[in-house]
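Shared chain: subunit A. Partners: subunit B in the first complex, subunit C in the second.
The block that comes next holds the complex of A and B.
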């Protein structure tokens, strides 16, 4: 049966939740709580504890859909929100406030899960390490090294292709999450680095001046330095995984809401090394398991 | 401490790595640790390449310390994983483009290559400390994975038996190596043919190129001067090292190269090539040996020089022996277990 996920949000907040909701509700139907009420809903995503408090009575009375009270994911933005959401029996909490999230945060709890505001679906964008970029350039007959300046004026598909193939790239603020996700050795300006909390020489190189030619020269120098490119690429991706990923939290929320089964041991191990769900290796592992479980392989 | 030394082995193939594992386990036990070698079978063809990696991810490893030594043993999942790497999967790194690498530039190869490099980075990054058998292997990891590692050198096999001869010049030139393409034994034969001095030579070892090399020796008129004994027992090999004027060892981009260290322990200089990788961490031109450009002419010139000048050969050999004097398994064990 196709699961139904309802969004319970004020008009002002609904828009900001749509990207995350589309991941949480993928494979299911997404509806508005206001139109459907609780009928037939399997899970609810609430924009804040206030909204959760409003719908709580209806939730408690609702035993439709799967014959159970719908599970609830609630966004929180403060320690008070977190406590309130817990009090209202939220199944799982998430936040876009980085300082609040994770076991190292002030709450010392696994929750709330971090769903960053400028997040990116890392499941769609596997990292491409510099050596693999070199092979891809060779395959496509592109020059080596390939140094590019990529900004948001380019069509989205063109940007991702460029950032996937570049030896090094000068990137603007809008495309920085994508560059970090793809592990592109990247040069940014001071403002972009500062906004994302990036450190010069760790995840990116920061051009000291606004002079674009200086940034280009820095990228050209970077492209010839294999060791530095490899290190920047690795750390850029880790930064994206820790601070920008929305796919991982979405999957965790889906599991908490009962929309996705708990992963098998082999799935957990594949996840640990960030193996894409669509990869040949994931299929191969599932096929091997299917031989034992007598279930059809994927 | 309970220590597991983890390696991956293609069944029925055995070489330097298996020897290294055995020596490390012995050394750990000799230092009072409980140590076992753990191996998972692997296949190096691209389609099955990841299977052993996944297996390592799943097997329980109940020990206080896990030491993986090769790809993909470092996919082992353990809180105290300290790799001491002989090599990563070379076909995907330094050997890209070589005839024996099955990573092409087709879409499937590119996908697998991307996945392999990413997996490698993640699995190796899990380790709190990383060591490699040589600077070359550490450099590759730094260049392609963006990860630091420290070279940790080991004594070669037969280290306790290899000693310099008491007096006199050597009576032959020795090249002990597996007879495989990456070891370039043909370079040795070509060099001998171009020499002015008609010195006897021994090309010791087995491998897929044996027949081809015999034909090369015949073709170059070296029959009767070059001995191809195949496998040589340890005692005989020690004697061959002891009596050698020079040892030739010129593989392509070698990871480490026990042969170099064995020659040095026997007080014999090594002639190598400028692209021989880890060998060059030990062979310093005109200090512990001679570095050539790999052509027959330069190889021959280097060998003629050592034959013509026994004092030079002796001086380089002595310097080589001093260079390897401090290598010990005790140091390797103390470093890997994290003892001060």
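The block that comes next holds the complex of A and C.
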């Protein structure tokens, strides 16, 4: 049966949960709690403990499936939020506050799970190293080097294609996660670099002034330096894997909510080396494993 | 035999072409041998037609086999692409549903 995931959000907080909710509810039905109510809901994503407190009585009364109340994932943004969510029996908590999460955080636990504010589903965007970019440009008859300035005003398909094919690109804040995920050698302004905690010359090049021409010139110079492009590309992707991936936490929340079974050992190993679920390598690994286990491959 | 990569009209064309020029003598011999056991057709035209069909059948089978082998890689690539497109459709569906749910929550 298709699982139903409901969003319960305080006004003004719902929009920021959309990317994460779409991953958590992937493969199921995603509904509004206040429109649908508790009936038939398998899991709830709550925007904050205040909202969780509001819906708690209805949750307690509801009986779904095998007589269980829906599981709940609650976003928290402080230690107080975390305690309140625990008090209200949230199944799992998540946060977009980096300082709150991780073993070094004030809570010192495995929770809350960190869901980066500007996160991106890396499984959807495999890295494209400079050499692959060059070959793709050749195949498409594009000039080499190809230096582009890409901003969020372009249609999504156009901007992702530009970032995938560029030798180097000047990128604005909104498209920076995508550029980093794709391993695009990137030039950004000081504000974007500081917002993401990027270091000049390590993951990106930072244009010292707001002058767009200066940024363009910097990108053009970068595009001619193959070694530097390769290093920036590699480190940009690594940064995205460490700080921007939302697929991992979304999968952990799905498992906690009972929407996804625990992964098999082979899936865990493939995930460790960042192999996309839909890749041929994953298919081959499953086929090869099926030969030993005598079970049909998926 | 049906297959997404095989177009029936193209197969018919191949069959006609292959039937006109049997390339492998052993296949032609086998077909001739098989023809001995076939029921004798009533008219000359029917006899020629039946003979042509018998000669063509193994050649068509071979061509079909070669075609399958030649297109296997392409078929695999198309299947992968199809899987990716399905995943993309599912992802867009989820995104749209999440956006609608968020809108409903914000508007209540």
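Operating definition for what follows: the second predicted complex is superposed on the first by the 287 of 298 C-alpha atoms of A that agree within 3 Å, B and C clash if a C-alpha of one lies under 4 Å from a C-alpha of the other, contacts with A are read in each partner's own complex, and residues count from 1 in each chain.
In this text, a residue touches a chain if its C-beta (ideal position, glycine included) is under 8 Å from a C-beta of that chain, and two chains touch if they have at least 3 such contacts.
Because the structure is a prediction, the values reported are computed rather than measured.
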Which partner chains sit in contact with A:285 here, subunit B, subunit C, both or neither? Use first/second/both/neither.
first
Which partner does A:187 contact after superposing on A: first (subunit B), second (subunit C), both, neither?
neither
Tell me the contact category for A:33 with respect to subunit B and subunit C: first, second, both or neither.
second
Touch check for A:11: first (subunit B), second (subunit C), both, or neither?
second
According to the stated criteria, A:232 is in contact with first (subunit B), second (subunit C), both, or neither; which is it?
first
Quick check on the superposed pair: does A:23 touch subunit B, subunit C, both, or neither? Answer first, second, both or neither.
second
Which subunit A residues contact subunit B in one complex and subunit C in the other?
280
Touching residues on subunit C, where the partner in the complex is subunit A:
80, 83-84, 87, 90-91, 94-95, 97-106, 108
Which residues of subunit B touch subunit A once you look at their complex with the stated criterion?
50-51, 54, 57-58, 75, 77, 93, 96, 103, 105-106, 108-115, 117-119, 121-123, 125, 142-147
Subunit C-facing residues of subunit A, complex:
6-9, 11-12, 14-15, 17-19, 21-23, 25-27, 29-35, 124, 278, 280, 283
For subunit A, which residues are in contact with subunit B within the complex?
126-132, 135-136, 138-139, 226-227, 229-235, 265-266, 269-270, 272-275, 279-281, 284-285
